[in-house]
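Below, subunit A partners subunit B and then partners subunit C, in two separate complexes.
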Partner chain A sequence: MSDTLPYATRFGSNSGQSTSRRDGVAKVTGAATFAADNHPQGLLYAVYVPATIARGRVTHLDVAAAKAHPGVVEVMTPQNRPALAGDPDSKPFMFAFRFEALQDDTVRYANQPIALVLGETIEAATEGARLLNPQYQVMPPRVGLDAEAPYKVVVGNFGRPGETVHGDVAAGHAAAVQSVDVTYETPAQYHNAMETHAVVASWDGDQLTLDMPHQAIVMSRGVFGYYFGIPAENVLLRSPYLGGGFGSKSIANGPQVLAILAARMTGRPVKLMLRRDQMFGPVGHRGATRQRLRIGIDEAGHMTVLEHEALAATSTFDDFVENAANASQGLYAAGALRSAHEGVRIDIGTPGPMRAPGEASGSAALECAMDEMAERAGLDPLEFRLRNYAETEPGTGKPYSSKALRACYAQGAERFGWAGRPLKPRQMRDEQGMLVGWGMGTALFPAPMFAAQARATLRPDGSGLVETAAADMGQGAWTALAQIAADGLGLPLDKVEFRSGSSDLPDGGIAGGSGHTATAGTALHAAGVDAVRQLTAMAVSDPASPLFGAGNASIVARDGRLFVAEDASRSDSYADILARAGGQALVGTGSGGRAPEAAGRHAMYSHGAVFAEVKVDPDLFQIRVTRLVGAFAAGRIINPKLANSQLYGGMIWGISFALHEEARFDPRTGRIMNADFAGYHIPVNADVKGLEVITVHEDDPFVNALGIKGVGEIGITGTVGAIGNAIWHATGTRIRRFPIRIEDLLAHA
Partner chain B sequence: MNLFDYTRPASVEAAIAAWVPGAAWLGGGTNLVDLMKTGAMQPGKLIDVTRLPGLDRIETLPDGSTRIGAMVRNADLAHDAGFARAFPMVAEALLSGASGQLRNAATVGGNLMQRTRCAYFADPHSACNRRTPGAGCDARGGDTGGMAVLGWSPACIATNPSDFCVALAALEATVEVQGTGGKREIAFADFHRLPGDTPEIETALQPGELILALRLPAEAAQFAANSRYLKLRERTSYAFALVSAAAALRLDGGRIVAARLALGAVAAKPWRVASAEALLVGQAPEPALFARAAAEAVAGAAPSGENAHKIELARRIAVRALTAAAQGTPDRMPALPASVFGEPAHV
Partner chain C sequence: MSLSISLTVNGAVRDVTLNDARVTLLDLLRERLALPGTKKGCDRGQCGACTVLIDGRRINACLTLAATLDGAEVTTIEGLACGDMLHPVQAAFIDHDGFQCGYCTPGQIMSAVGLIAEGRAGTDPERIREGMSGNLCRCSAYHGITEAVLDATTRIAAEKARKSA
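The block that comes next holds the complex of A and B.
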């Protein structure tokens, strides 16, 4: 397995260039080694047995039959499961979820692991799992948002309050001359990265090596160290490539812990890769929501109140309530704002962070409700949003670190051709007679930073080595982070070796929350700057250097040389400086993060505006998104090609949310009946017809030293609402449940 | 998966001799292997028929009929220029199914034999009379949005998922089969069976009989100028039909002189109603006539769950397909075959 990749050669500054992704050729030619491509000597194959009931108890497993099958080596059940040092029902650290690792015979949701079968081949283990033929004591499952009484969420996900109020909500309602009070529903959705969860676990004494796709590579050492009672530094996790993550690969789950346990139990390396249907249960999902939005406006179309309440499903044994209502904080200048959450405990696996958790489902409902309010007020939806444009963060009054949303609206509308859109629905047809509708939505996503470290080494030959355990889920970390690192070192990209994706490197932080490039990039840049700073000190104090006596403040680094800024004729190469100093490599370090006081002074978000055109057959109601234009302001763009691709991807997930994705539960059994890609639809190429992204220039001096926000998740926000609104505009039918289906439109015909 | 035998006989006779109870013919495997992975099917023996000699040809017979070997791949048939010219509706149906990769692997004989996509059938942990006679039907009362609205029984509410078969039914294909008792022919209308009390008996094939070929009669090509297959689905491509319709007309002097109409995804077999077709014959093609015929085609339909919308959608797609057929077959295969969006092909 290689943890470095070659670069394409280019000259000049590296950031801002549309460098093609370095891992692209390796991936399309099969050279990239994903976790499950590893086959250490003596490998055993594990298959986990998923519960086929949603609630009850396992009363019998035919272990003898499974063990008798040729090639089956071991069967792990609650009876013989070795002890774990860390309790899977505890929550000892952030991002710790309770999970099922054969603690007992209880079934808490369908597809929960109830046994693990180990075989010499995948076929033997699979058949062994079938032969276990589980018997159950079944209890009636709780299915859907109305199965239990809701509870009030006091502390929500990521420590955010369950309820946030700014201003006088009652007064806001009283002051309203017009209002809407609407309820939207979103379904359970499952991450379904193309690469299903996989692990190859090998023990050597109390040293654990894991080949496992992971979004938080170094943090995961402590996680697995905790459960297996070994120091974090005894865990080596290698995750050079992920076939998608979507939030699901940041959290420890039962099947992978069992596979690691099985490797210790048998003394042999163990591989487990989830089947597609097994992705629907133990590895998180986006919980279903029901959201009530109440908006009031005054005579001038200014919002007097925006009240957003969200009910969301969580499991019976842990808390992750999709914090959808928070999407209404931070965006529109309402006189009063309230976001509140309730949870309902039903027999499902615990939800988790998935593709803009909270923001995506919250934005879907908010942006449609805004459209409904605009319609009632007789205002163009864009004009209504502009009237309620927030110059400072609503509620808190904090200034935005930067906010080019007005430019996003203007450029997006211009490119789309929004002007001249009829206010009323059912006004436009194409030459075939299809109904045509236009809708829009605002996109918003926070610009957080986490914590990361990096190391930058200047080698005696003047080339660089930069190291941080970043995670490339396909978004392009291998490429964009290397560009930033090369700029930090003042080297062209092809003179910098980038090591990443392994837990023995400095902590690259978590690839999540759309903050990876900002966080790991800041650390890498700082490390490079630190190395150049040391090099500069050496040069200006070396009488043999042309830079001698220049003073370090006047020195700039580029293309592997230090120059006097005012006099380019005075320069010295990295290699020469290091050679005269004894030929030793020079190591710089850096960290990325945001000081709490900086975070407190400004509201920091990426913004955008999405415009959608849909066509709908007037009789048959087949729906097609024919154009999507998204204009986004997300600070400094490191690699336009990769950033656009991420934004495209986000918008495509928006199509998916609006029209396709939904886990369908059998109401009697609580099992998901469409747990494969034939039944759980995501968009295909034909569903993505016209996609355009505009990135609006934005300089942000506050968000971090590099001015980087994030583009990973914002694309899904705004898009769902824009499509829902376009469908209303085409048909005159307002569907308040996602995904919007043919039969929903037929029912209103 | 379970252990099974695999054999690849060299001749049709050897294949038929290799058959034993519990064996399964293996064509493209695009459906069978999936079901073996879930455990819904556990054949003791796979007889690979993909390389049997003589079954991969598309030929015109002396009587003008077209004979398609059972092992012709879906993609090869749809892209055969002569075939697509004579039977554009069949080609369109083929190209609206699955994905390019699957169409390259799937065989036309296998298409006739594909199983319902009812999730309760594919899930070995659900009760299914079709999979296990007498076990019960968990689909009823479950996730029923896609289930049958015509011809279903209390024992089974599953649908046949094929697009290809809808067009074949409309054009009155014949199925050539061979078993230990020799060769025989089965009219397409008789090939797939409604569930009744025995949903496990899905086709007219006797145990051990192998499909050798399909035949489209010479007169089927007379519909080439006015025939369409249209399909509603939950995404633009790569999805099974919510409902579909194959409509074929022969027009002469402004009148319909022959008409065919079959509906897909509404029953356990392609749904063809002679009385609906009879309504059309002798009439001028016009919206009111198509509405009457479509209503006749779904006469007797009843929801088998939360799927009443399928009845109305089936009626509407029948009207649309008849309308499109009357307007004339497109000169080129649409870029989105069978889609109501019907974009012109890329040049």
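The block that comes next holds the complex of A and C.
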């Protein structure tokens, strides 16, 4: 950990530049190799057979029919499935979930794998899978949040407590002169990265090579090593590009494990690519929630209490209860705060982390409830939030490491033109007679760090090689991390080769929690600084160097040269220094992570404010988001162009949450009725216009040495509520269920 | 069964013997012709990731049976650039950050090339958004995609004007 670096960190030449993606040419020419693009010799294709019931047993599979089909090579069922060394029903790691890998004939949710068919061609394997024609013993499925009695969550996701209380909640309610008590619902949502989960697995003895998109490249070596009974070092996982991850590609799942097993069983490489409908089940999702919010305020509009309870669905066999209520911790200065979670076990695949897990659903409900409270108090929603602005973290009293939220409110409101917004709903129309509404929401996301390692090599020619197994799932790691690394090495970006995305490199940590750039970036920068420090020691002790005798501390690195800070005429190039020292490359190492003391001293979050305009047809109630302005403060922005893309993307996920996506379960069968892109709606290009992002400057000396927070997830938070609130402002109707649909508004017309 | 077809892919004539009538153009390209640049996002015509041009028209390769393509001219993402010279749409996608993960990108770009050639959207952002709405992007790079298509439309028009002048 390098909380304080030995040199004043120098930024500006590479970091902070809107460099275009370094993998851009590969991606626009089709040369970028995604997992399923690999085609090793002797390849077999795997197709998994999904359960078409949600609960029960498989009683028959027509294996003979499938095997008789030309080109079908093997059919794997619970009868002949080779043993796994690690039990898929165990949870040996923090990021391990229980999963179905044909351990028996039970069906725990629709779409779980019940067989795997291997064929010489995709066509043969697909047809073989169809011919299995499963027969079932069906049990009535448990569907929806009311199917079973809820249970109290004691330890929540990622080890957070199920319930958090600060202050005297009862006294907070008693002190309130006005209050709201509202319940919001959010649906099951599925990640649906455009690249479905895929793997190409090849065995060579007990060496396993996996081409597989993965958000935790080095960590997963140990995971797959565990299930297959081989040392972690025997697993080579290559994931240069992920076609989107959003949290779903960080966890081992049944279909991929079965494909790897099939490769060992047949002695041939196996390719499996999930079908789109198979993305709805075995690879996680955002669980449905029902959230109750109770807010009380005093005469002055200050919150006396904020109580947030969330009930969320999880599977019958594992725990991942959307920790939505935690979104109310850390944001508003309520006199008393309580967040509590309950789970309900139903016949679904286990939920998992999906872009802004907890925060997205929680923020949606919280920001709408805040709007309802402001409405009741007769206050402008922004004014209400400013009255409850937290100067220190509510409950804990910890200072924020940085918090430019006031500037976000001000700049966002200014750009949007918030001033003069009528308090009452249904006051605005456009030229076409559409109802116009404006709403806002606060965005909040924690700024965590994980752990990462990196290596930086100065080559004899003075160029640099930096290495860490980072994952680029679209956020721009190939570019932003290289920029940071180049700054660490004091080299221009084009003199730095960046190797990443493969498990034989130093552990780049997890691409998740919006902490990847901060974590891997810190490691890379520290590695570069370490290399430069060694180089400096060589130069100042070399009588042939113009730097001879200068103090280490007075040397700065820039553009491949070392300079005496006070006397730029004294300088020496990296190549010359290394040449005189014998022409050997020089290797620096570094790590990234947060010291526990630093985490204990400060509350660390990215902040933002989102303002939305919607237009609603007064007769048809069609809803359009016509403008969306988000102002975000997220520490140091390494690459504004790529950071903006992340924020745009997050805000569009907010549009999606507010208006589009929802998995709908058939209550009779427990199956998802819209498990494809025709029925599971996400925004298309025509749904998106009038988007603006502002990044508010923020220096954060505490989050990490580089001052980086993160931008990957915060864009969703705030946005959903802003849109919901704008719809109320346009129509006068509060819809307390997402996504908000035409028929919801029609029902109130 | 076995069926021989001959089609032109990115300017090269390919004689293909199909042992299976079920092979789609998408799987033909990806698994049999070593052209995996075209992506599979849904395999049923709902996402546009597999968009290629057939005889200049954009189509979903996943919905097109290879056996129907005898004599067809297919252009994929691999055939767009001239050596190191990117097609204006490709260059504009990089300049405007019209992608994040890059998975939908081959389809977006082929769709944009088709849209511009169709000449119906012009430089009206609203019509470009509509015209590009058959191509889903879960990363939601739509802002950059629209900017890129607008820019490329202008660049291509200028290039045409220069050539005809």
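Basically, the second predicted complex is superposed on the first by the 737 of 749 C-alpha atoms of A that agree within 3 Å, B and C clash if a C-alpha of one lies under 4 Å from a C-alpha of the other, contacts with A are read in each partner's own complex, and residues count from 1 in each chain.
Everything that follows uses one rule, which is that contacts are C-beta pairs under 8 Å (C-beta built on N, C-alpha and C of every residue); 3 or more make two chains touch, one makes a residue touch a chain.
For clarity, every value in this text was computed on a predicted model and none was experimentally measured.
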item: Subunit B versus subunit C as contact partner of A:Arg624, first or second or both or neither; value: first
item: First, second, both or neither for A:Thr29, with subunit B first and subunit C second; value: second
item: Partner chain in contact with A:Met473 - subunit B first, subunit C second, else both or neither; value: second
item: Subunit A residues touched - subunit C or subunit B, whichever exceeds; value: C
item: First (subunit B), second (subunit C), both or neither touched by A:His660; value: first
item: Subunit B versus subunit C as contact partner of A:Ala747, first or second or both or neither; value: first
item: Touched partner set for A:Pro683, first subunit B, second subunit C, both or neither; value: both
item: Partner chain in contact with A:Leu642 - subunit B first, subunit C second, else both or neither; value: second
item: First, second, both or neither for A:Thr52, with subunit B first and subunit C second; value: first
item: Touching partner for A:Val305 - first (subunit B), second (subunit C), both, neither; value: neither
item: Residues of subunit A contacting subunit B in one complex and subunit C in the other; value: 123, 127, 678, 683-686
item: Residues on subunit A engaged by subunit C in the complex (per definition of touch); value: 20-21, 23-34, 36-37, 39, 71, 121-124, 127, 192-196, 241-246, 273, 275-276, 472-476, 641-642, 644-646, 648-649, 652-653, 656, 676-678, 682-686, 688-689, 691
item: Contact footprint of subunit A on subunit B as seen in their complex; value: 1-3, 38-39, 99, 117, 119-120, 123, 125, 138, 141-143, 145, 232-240, 242, 309, 312-313, 316-317, 319-320, 336, 339-342
item: Residues of subunit C that touch subunit A when the two form their complex; value: 20, 22-23, 27, 30-31, 34-44, 46-47, 49, 76-78, 80-81, 86, 90-91, 93-95, 97, 99-106, 109, 125-126, 128-130, 132-146
item: Sites on subunit A touched by subunit B in the complex; value: 52, 123, 126-127, 130, 277, 432, 434, 615, 617, 619-620, 622, 624, 659-660, 664-669, 673-674, 678-679, 681, 683-687, 741-743, 746-747
